[in-house]
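Per-chain residue numbering starts at 1, and chain names A, B, C and D are given in the order in which the chains are listed.
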Amino acid sequence: MTIFEFALKRSFGNPTNLIFLSLFPLAAIFLPQSELWPALPYGYHYFGILLLFVAIRLTAILIEDRTSGIVKRLAVAPITHFSYLSQNLLAFACILVLQCTVVVAGGVLYGQELGQPLMLLVLYVSFAFTALAMAVAWVALYRSKEIAFLVYMTIIVLLSLLGGMLFPVEMIPEPLSRVIMVLPTYWLTDGMAWVTSGGDLLDFWLANGVLWLYTIIFLTLGSVRKIH
Amino acid sequence: MSPVPYVQGWRFLQIVALIHLWIAGDARPSLFLLILLLLILVCLRWRFPLPPWTAALDIGAAALFMPFTPLAGYALALPIFELALAGRWLLALPLAAGLLLAQGDPAVGLWFFAASLFFGGFARVSLRNERLYQQEVDEQRKARQELERFRTELLAAGRASAHQAELMERYRIARQLHDHLGHDLTGASLALQAYDYVKEPEEAAKLLAEVRRRIERSTDSLRETVHNATPVARIGIERLEQVVQGYGELGLHFVKTGDMQRIQAYQWDLLESCLKEALTNVARHSNATEVRIELQTGEAIVRLLVQDNGTLPDTGQPGTGLKNLQLRARALGGSLSISRGQGVLLVCVIPLEERGEPDEAADRG
Amino acid sequence: MTIASLQGVVKRYGTQLVLDGVDLDLHEGEILGLLGPNGAGKTTLIQTLTGMTPVDRGTINLFGDDRHPFSHANREKLGLVTQEITVFDELTARENVLFFAGVYGIKGEEKKRRAAEALAFVGLEDRADKRPAKFSGGMKRRLNIACALTHRPRLLIMDEPTVGIDPQSRNHILEAVTRLRDRGTTILYTTHYMEEVQAIASRVVIMDQGQIIQEGTVDELVRTIQHEEKVSIDVTDASLVDRGRLEQIAGIKQVTVHGNKLTVISAAGAGNLDRIITIIKEQTGLVGIQADKPNLEDVFLTLTGKQLRDKEEGS
Amino acid sequence: MRVLSTVPWTLRRMSRDYLVLLLLLGVPIVLLSLFSYLMGNAMAESGRLLFHDTAQQMIMSFQLFSGSVVMSYLYYDLFTEKRMRIFTLPFNKSLYAFSIMLCGTVYSLVLGVLLMTYAQLVLGVVWEHWVWMSYNLLLLSVVSSIVSLILMFSVRSFKTAERLTEIYGVGFIVLAGLFFPMPDNAVMNFLGSYGNPLTLSDGAVTAMANGEAGEAWLQANVLAAASLVLFPLMLLLGRRKMR
């Protein structure tokens, strides 16, 4: 578990990461509630975007390993690529799950209206894994950390815009409103809508299920071993 | 170009088609699970070579949703493609019956299936062709390498026989010198020594005549030996010089240093071929006006360097002529290197055989 | 004993042939210097030998196993010092070494001991708890080596381990490499720097255009090319020397005068030094004689007509 | 004026930096089109297209990031890679830095105008006062460049400076209340109105469109005054850093 342990150490070694990992989630707890839309307090409504950012920041470690040549060393060492990747992902997942828990628990203690906090936590965790898997797949495409990050930023903006995080999904006109159902962020907002307004429990689990299937898909795509 | 990207592309395209059908249809959220399940299988096939039986997983996923949606019927196109790709297209036929179960548009489904079946079969054929082609290329390469090894052995054998022939010739000359020249000269020398002690003029005149006769005979014999030993064709450095003269129109500078005697016949052969090839290339393909040729013979190697001042760009791989020469040079334990910088530079290095008295050479060096 | 070997290895990238039937044997306990210009295929050779890239043809044998040369058991005996400095900037030197020790499955007290040992081996024990971001180039290179030593590899592959560092650090590294060899480690060493190979390698392989074009000991290689000798002679007054007379001596190719220094180039083994000195002594005073020996750089130049290193990048 | 001869080259370098083009031109175009599509013909209370306001705010918002281009060019030319080469050239370094800043500002303005043209020609937004809007884009771009450079000159690490400019850009967008309403207190109100370059320029353009020229000039002049105040500060810090 050396790689796991060091992935944790390195994730917290970077000051910008620290802000992303601690300050932003804490700030999210205290953001106000809107009268009309969204139904969740702003901090919780936008938390998905934060998860997307945190995921790409954490997985930047994988690009660093590739550009610095660490991957070469590990390719020669008696360790499989699978175990390298899974230990890193496990570390990142631990951080994200912890973050979700802190945010939801903080909200409950602070007295935010969260509908069903436990279900919200489940949904956040599901989405955290999806975000992580997406970031891993994305990072596998790039050699430069900066470019991967900048281009992914625009993807995040588009994803959150179309997924109904900056804009109520109901406002999106007909043909597009169907197309956006393929976006993972749509299923997050779908799940969040269930958390606040309730409904068929099956719908909630469907949203989670879709997120988990996406996780598997992106992990399959992102698990390619690239040395250069 | 390999057909593999097209196969992968087709798989993803099928998923896109399903998504389109889903969106154009009722876009029920739960059906998206089916598409994602199939997408997982497609991704797995992209990453790892899955065995054909995994088509059963696609069929299973589709069957699960069959009662609820026509989409599941269309989804059978995926396993049909996989089966056709695996050459089990007969197994794909019963799947087409799924069309009857699905409530969708049978026309769309029919052509979707037919396209999958045909492209699957086509991809199978082109994948197999690619494999066969690669196999053939590899075998040819192997054959060429064996040929090369064989030629190396042949050259070594030729080298050995050349050496043998030289030894025999040397022995023949030595024997001739010893048998005829040697006897006669020894006899003449003895006769001259005896001449000093002979008092009688007749005896002396007889001895002198004998000496003259012997010397005359040995002169003849020497002339004959030398005549026999002198080759009719030009050899060694003269051949190289002749080659150089053949390209008089180019500005050629030929510099040679070292002991040319040490270069063996088979080595001259290679050097000549290299020089010819290099100069032909310059004359044919280059705009060079000056060519510098150096032949250096050292303690252990002979090195031929041909440098021109051409400015035409590199046209890629060296020609077969140079490739062959490279092989020949390697067969003689040497190397041939071509590089392009300011003009083309060709360097051929061949190791020389050990001198008869290596210790002495080392002491002086 | 052969510890690793490549047989008829062919590697293509697209249509480009990078390794063209390479045969190479590594013997236990030797330092094998691998030389060649950029693009000769050195890096690809290392990548195939370490299992980073599969080969298109040919076999690789590591530690006597050619069916599964890259099994975990074999990889535990293999070390790689990469060309890039592959250490984590955000971890201290000791943590870096501990990381790689952990990857090789070393645990507990043993791990700490091995880490300390590796750091001491490259002379970084007093900097063990500093971050490499503040290190000089040479210290980073040394840490880079230490990271490959904790598992005590039998075969250590070093890909240009001394690029861009000061002479002092370089000597330190070279000395460490010879100490490793004395401990019984087999080392494959690639570099641009001839003098390093000349100093430490027991055998040299020269690559060009994906092929091995020469191999042998340094002495053997140098001897093969020795077709001329260069002698520098310092005299009291060079203007008094009759160059024409010197050039008439058998074997002399060239005589040049630079200040009071005469440079005489003659055919190898001509044995004419005595006569040269006699003639010079007749004409002026002799201050000193110095014979220049050819080096591997010259070997490479002789074989290919190319410099091993492009002039501008040499430092 | 040897520095002048470098200007065309600086502009050419900037126009070939495809990543920046993608982020500051490609992404806004996509976003504008998307918003235009999503909002359709919805009308605001003022009687204008709802999308008109959004497009105006978005085009303005992207000017906040104009500083990052200037910053990275200055960083690579004067502080790292090309430092030695540039410092041996026979021209005034401060002037060169200034020319890069001007180029970056103009470049950003050009991108802004391109976006306006796209919005008008393709998306059907009718800008009332092209010149006035361009003038405000320029002011915003100047202020952003100056702020970025001040940040860069006052912190040691370039990475930190980059993060700070991102915080400046995103921060003022958030403070302007574009994502969610800000809490109602004096500080936040100030930062959401006269204390925020984005709202100032946006307000100036909207005021002019509504025919309130006095209010419009007031807001624009506040922005201009801010850049006049910040400029000497930037010079001071820059001179200290460059030595």
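Observations on the model:
We take it that a residue touches a chain if its C-beta (ideal position, glycine included) is under 8 Å from a C-beta of that chain, and two chains touch if they have at least 3 such contacts.
Remember, it's a predicted structure, so these values are computed and weren't measured experimentally.
Comparing each chain's Cα centroid with the centroid of every protein Cα atom identifies chain C as the most central.
Between the CA-based centres of chain B and chain D the separation comes to 62 Å, rounded to the whole angstrom. Put simply, the C-alpha centre of chain C and that of chain D have 54 angstrom between them.
Distance between chain A and chain C, defined via averaged C-alpha coordinates, is recorded as 48 Å.
Each chain gets a centre from the mean of its Cα atoms; for chain A and chain D, those two points are 30 Å apart.
Taken together, the touching pairs give a contact graph of some other shape, not a line, ring, star or complete one.
Listed in rising order, the residues of chain C touching chain B in the complex are 8, 10, 21, 57, 208-209, 213-214, 223-229, 253, 267-271, 302-306.
Residues 2-3, 5-6, 9-10, 13-14, 68-70, 72-79, 227 of chain A touch chain C in their complex. Listed in rising order, the residues of chain A touching chain B in the complex are 175, 178-179, 181-182, 190, 203, 206, 209-210, 213-214, 216-217, 220-221, 223-224. Looking at the complex, you find that chain D touches chain A at residues 19, 22-23, 27, 30-31, 34, 37-40, 159, 163, 179-181, 183. If you check the complex, the residues on chain A that touch chain D are 16, 31-32, 34, 42, 46, 147, 150-151, 154, 157-158, 161-162, 166-167, 171-173, 176.
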